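Shared chain: subunit A. Partners: subunit B in the first complex, subunit C in the second.
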Partner chain A sequence: MELLMAWRNVWRNPRRTILTILAIAFACILLVFMLSLQIGMYEVMINTAVKTRTGHMQVLADGYNQDHKIRKVISDPEAVARILDDTPHITGYTFRANGFALLSSDQRTYGGLITGVDPVSEPRISNIKSIIRKGRFLSPSDTNSAVIGSLLAKRLKIDLGDELVVLGSARDGAIAATVLTVAGIFSSGMDDYDRSAIQIPLAHFQEVFAMEGTVHEAVITCDSLWNVGSAQTAISKAVAGLEQKRRLTCLSWDELTPGLVQSIQMDLGGGLIFYGILLIMVAFSIMNTFLMAVFERTREFGTLMAIGARPGRLTTMLVYESAFLTLCGIGLGIGAGCLLTLWAQHAGIPMGDAEGMLRQYGIPGLIRPKLTLATALAGPAVVFLITMLTALYPAVKVHRIIPVDAMRAA
Partner chain B sequence: MTKGNQSMITRRLKTIGFTLGILLVLPAAAAANPNAGAIIAKAWDYMRGKTSVSVVRMTVHREDWQRTSVIKAWTRGRKTSIFQIVAPKKDKGNGTLKKDRDMWTYNPKINRVVKIPPSMMSQSWMGSDFSNNDLSKADTILMDYTHEITGTTEVNGITVYDITSIPKPDAPVIWGKQALKIREDGVLLEQAFFDEDMEPVKIMTTTDIRMIGGKPFPARWTMRSMEAESDQDYTLLEYESLDFNVPLRDSLFTLNALRKPLR
Partner chain C sequence: MHLQVSWRNVWRNPKRTGIILTAIIIGAWTMLAFGALSRGMMTSTLSNALNTLTGHIQIQHPAFRDDPVIDNRLTAPARVADVLEQHLPGNAAFAFRIQVNGVASNARNSESITIVGIDPAKEAGLSFYGDNTAQGKLLAPGDYRGIVVGQALLDSFETKIGRKLVLMTRDATLETASKAFKIRGTFRAEMEATEKQFVFITLDAAQSFLKAGTGVTSACIKLPEETTMDLEALAKTAKALARELPEGTAVLTWVDLLPLLKGYLSMFDSFMLLWYLVVFVAMAFGLTNTMLMAVLERTREFGLLKALGMKPSWIIRNVLLECLILLAIGLAAGNILGFATVQALSGGIDMSFMAEGSEFFGIGHLVIPYITLKDLLSVNAVIMGLGVLVCLYPAVKAGRITPVEAMSHT
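Take a look at the complex of A and B:
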């Protein structure tokens, strides 16, 4: 009975109803799309950082992350490997060693970061193989070959097959020197990295820098971002118990790249303010509709109550009306929002002039939003909650109506 | 035409006035200040002589390890020097040539000479607490700073000057201030380097002054970085031998010489 009356009441003024539904729908579309876009962007940012440099987690000597001193090593990588093999959710790991050194070609000399990587396990952890633009990645039979960042290659004026001299300090304080041959040139999209980094086989690095079998980082990937926390706790506990010369710690990607997390938080904060304003506007428009509905129908309510309708039934009716409006709007909004997002996900959104700025975060020129159950439903759920709350006010106000006065009014 | 002449004349007059002004002021300044600059210049020349040949044992000490190498060094004047490592065996033959502000380093294993770029000048020299800048810009204190004697003390009957040196406004230096302690005979006792916030960054002290190379000279030089993790972190230079005013060939201070094992 109340349901039928609500349905009829809603369509008594079709134009107003449709406008209200559209307002709600539009808010939902915007929320679905924007949230998906943000999540898509963050995921790309995180994945790029994780894939090119940090991995999901790293095991390091305590303090190495603050101060990359060559002496702060993992003295027994084998023991760490055994722990990682036994930890669930871990899909792979590789060892790296880093040193700062003079990199010198025939014509130029620059300071740079030289990383020893395992030619076999490194491509399973990072995307290094796929970002090689020229030449090839290191192979297990290589000794003094190197892959080098594209911007560094340009600065040093070297190309494939050219020689590159490395001069630095070894772990034992001796002078580390070697001549490398450029086997490949990579471009990660992160300018900082491409400007200063070269990679050489770990074994050669250990020999040149007198590492004696030690490494600096165990780089780990997880089956999903969501399992990083639990895996990190497990690994931290296990490596802390190892008998090593230096205490080891396990850090996750957000601890390794605090700048990335901060920029995501900043962006999300700005987004939330925007969504808040949007929701308040929607709430007022709904409230307006329902208040009008009650005011202009005071006589009608008075009559209904005079012929025996209890205020409770009127409230139920009004709540049905608002629920109907809201659900229509949200349904329409989710549908259209998902369609729009899926289309954008498929086609990608070119970033135009902002590309240069985004590149330093490792975001490619084309952004794809990412539609998930959460991004599709979170925004509309909040809209539903808020509209229902605002609609409750007039619905409860009906209780105060006194039939005789109401019928005389207007 | 006349305008040009006029401006030239005024400029010349200004120059003359300026020179006169300096001539008038100079004696007064010198009287107020027993010539801090001259004390430093004397100390620097005292350390180097016209030429010098020395063998130095360098120990880089850290909390959990230390490493000693033996370096032979030749210097001529204030600006030219060449170093070569003679021990340990692993590093033997590595050398550094310094001419004016430029530095080259040579490694025998790869047989290459590499010029150290400006961006690496603040990096450590051979893993020690000395930076490339400490070597290449050692003499900038003579040109790029204004000096003031801030105190004198007497130690064992010898006057020691405390000198504070502030860089000239446009000088290309990395320190905000330097503070030196120099004995009246020219022996450098302490040199402290301050950053732009006037916080000490590094302090070099000398000890064990005895007769070396025919004059009193500190045999132990210790460089400590204030940013070090513990007071166990320092670099110690010990003179094993030192001779002054030895005749040295011009060809000694060349890139070619750097490639050869030097006597």
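Take a look at the complex of A and C:
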């Protein structure tokens, strides 16, 4: 009975109702779209960081992450490998070693970061093979071949097949020197990385830098981001028990790149303020509708009460009315918001001038939002709560109506 | 007369007016405050970037930008200095530098760094050099053996003031140059990356170290702070300089030097406008609805006025005037609140709780929100202009009411 009356009351003033529904729908559309956009962007940023550099987790010597000193090594990588083979959720791992060296071509000299990688297992962990722009990635038979960043190649004025002299200091403090041949040139889009990075086979690195079979990092990938935590705990416990010269630790991607996580938190924080303001605006916009819907019907409520309607029933009816309005708005909003998001997900959003900058954070030229159940429903759920709270005030106010005064009111 | 009538009409229903006014006030207020905060972040990012040895305008050898080596230097800085002294406005400052990539090493570590040869007397105030000395002292003019490094670099090399640091790079004769410098002092910068990247020696020391004669790699010009965002004036100054300077020099503004940042900033401008529009739309639903209610409940009154001979255009004008009054009051209060908020935060917001996140985005640790005239105008123009536009609908509606239908309306 109240339901039917409420439904009819909602449509007594179609213009006002439609405007209110549109206001609610607008807020929902925006929330669905923006949340999906943010989540989509974060996912890409995290995936890029994980794929180009860190992996999901790394086993390192204690303190290596704070300061990349060449002497902080994993002295027995075999033992770590045995542990990783036995840990569930792990899809792959590879060993790397890093060293800083002076790189000289015929004409130019620059400093660069040399990483020794395993030509076989590295492509399973990182995307290095797919970002090779020229030439090829390292193969197991390579000894003194290298793949180098595109900007570094440009600065050194070298191309495929050219030679490169490396001069650095080895683990034992002696001079590490070798001559490399460029086998491939890669471009990750992140200028800092492309300007300094160079990769050579791990075995050759160990020989040149006097590593004696040791490595710096074991880079690990998991079957999903959600299992990183449990795998990390298991590995941490296992590697801590190893008899090695230096204590080993296992760090997850967010500990390896604290800047990334904080920047996401910052962006999310900014977003929340933005949504908060938007919701307040919408709440005030529709509050008037709800208030007016009650005030202009004072007479009517007086009459209803005079013929025996209890204030409780009126409140119920008013709550139903607002619920109808809100649900219509939210339904419309979720529908349109999902359509808009899916379309953007399909087409991608070009970023124009900002593209170059965003690429430095690992975001490609086209931004694609990612629609999930959570992003589709979280925003509208908050909108529902807020509008219902807004509507509660007039609905409760009905209790104060005194039939005689109300019927006398103009 | 019209104004008075409209003024009274606005206050016929104080509760309704109060709610919609609150919505407008919150809208204008948050637009201004949020805009000011974002501007503050942007300025912080930009001034950080300009302070990190970019300056407003640089004069370089045309090839230096793509190939930053000592070969591409300005061989006759005296002529450039003459031109700059004559043609720069009085409140601008400039200094010559030598800036090349190299390697710093000691027994503990070796890292890729940028060697910056500076004129100690002129450099302070031009860039972050001299802003924040952590330990020891700055370079004295004519100091051939001293070096000033970042505090983070000092820590990572496990060394201290007074110890030696060996710099290695390629000199103008294509030979590898290497020389030990004595650490005189350390500086602190907004970002750790900056502290690890730059080491300062005197210009004289750099010239003899690199066998560069009297050559320099760049002249860095700093204009008064307020010209940073005035791109037209900047381009004009650069053009005027280019006309006067001898052949074989390139004049680059910060827009040329930091294209990525420029792209990011221009995206930022469109993002701000988008944000204004979104908040406005949320507000517009409420505004239209309120005005619509105000008009519809006065159907009889408008009909009567028309029957008495009032022209439709007068009625439209009256309704629009009411709407204008609402907007004007809301905007005035919103602006005052906005300015008050910015005033309250004029000490700056300390971002250090998000140090790594803000470093990721290149934002400094202190963000000072401020309101630009452009933002103030666009906020008020958006609300005022579009506000009147959306009120046209109820106004025209009121103008169309005919006496007959109005009288039959209860």
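Please note the rule applied: the second predicted complex is superposed on the first by the 410 of 410 C-alpha atoms of A that agree within 3 Å, B and C clash if a C-alpha of one lies under 4 Å from a C-alpha of the other, contacts with A are read in each partner's own complex, and residues count from 1 in each chain.
Everything below uses one rule, namely that contacts are C-beta pairs under 8 Å (C-beta built on N, C-alpha and C of every residue); 3 or more make two chains touch, one makes a residue touch a chain.
None of these values were measured; they are calculated from a predicted model.
J.: Following the overlay on subunit A, give me a clash-or-fit verdict for subunit B and subunit C.
T.: With subunit A as the common anchor, subunit B and subunit C collide in the superposed model.
J.: Thinking of the overlay built on chain A, is A:Ala27 touched by subunit B (first), by subunit C (second), by both, or by neither?
T.: Once the two structures are laid over each other on A, A:Ala27 reaches subunit C alone.
J.: In the superposed arrangement, which partner chain does A:Ala174 touch: subunit B (first), subunit C (second), both, or neither?
T.: first
J.: Contact-wise, after the overlay, does A:Ser263 reach subunit B, subunit C, both or neither (first, second, both, neither)?
T.: Once the two structures are laid over each other on A, A:Ser263 reaches subunit C alone.
J.: Answer with first, second, both or neither: which of subunit B and subunit C does A:Leu19 touch in the superposed model?
T.: The second partner, subunit C, only.
J.: State whether A:Val165 touches subunit B only (first), subunit C only (second), both chains, or neither.
T.: First partner only, subunit B.
J.: Determine, under the contact definition given at the top, whether A:Gly111 touches first (subunit B), second (subunit C), both, or neither.
T.: In the superposition, A:Gly111 contacts both subunit B and subunit C.
J.: Could you say whether A:Met292 touches subunit B, subunit C, both of them, or neither, answering first, second, both or neither?
T.: Touch partner of A:Met292: subunit C, not subunit B.
J.: Looking at subunit A, which partner touches more of its residues: subunit C or subunit B?
T.: C
J.: Does the superposition put A:Asn9 against subunit B (first), subunit C (second), both, or neither?
T.: Neither partner.
J.: Pick the subunit C stretch that clashes with subunit B in the superposition, from 73-81, 181-189 or 217-225.
T.: 181-189
J.: So which positions on subunit A get touched by both subunit B and subunit C?
T.: Correct list for subunit A: 100, 102, 104, 108-111, 169, 173.
J.: Under the stated contact criterion, what part of subunit A meets subunit C in this complex?
T.: 13, 15-16, 19-20, 22-23, 26-27, 30, 67, 69, 100, 102, 104, 107-113, 154-155, 157, 168-169, 173, 196, 258-266, 273-274, 277-278, 280-282, 284-289, 291-292, 295-296, 351-358, 360-361
J.: Which subunit B residues qualify as touching subunit A in the complex?
T.: By the definition above, subunit B touches subunit A via 60, 62, 64-65, 67, 69, 85, 88, 90-91, 94, 105, 107, 109-110, 112, 114-117, 119-120, 123-124, 126-127.
J.: Please name which positions on subunit A make contact with subunit B in the complex.
T.: Going by the criterion above, the answer is residues 71, 100, 102, 104, 108-111, 165, 167, 169, 172-175, 177-179.
J.: Name, in rising order, each residue of subunit C that touches subunit A in their complex.
T.: Subunit C residues touching subunit A: 15-16, 19-20, 22-23, 26-27, 30, 34, 66-69, 101-103, 105, 107-113, 156, 168-170, 174, 176, 259-264, 266-267, 275, 278-279, 281-283, 285-290, 292-293, 296-297, 354-361.
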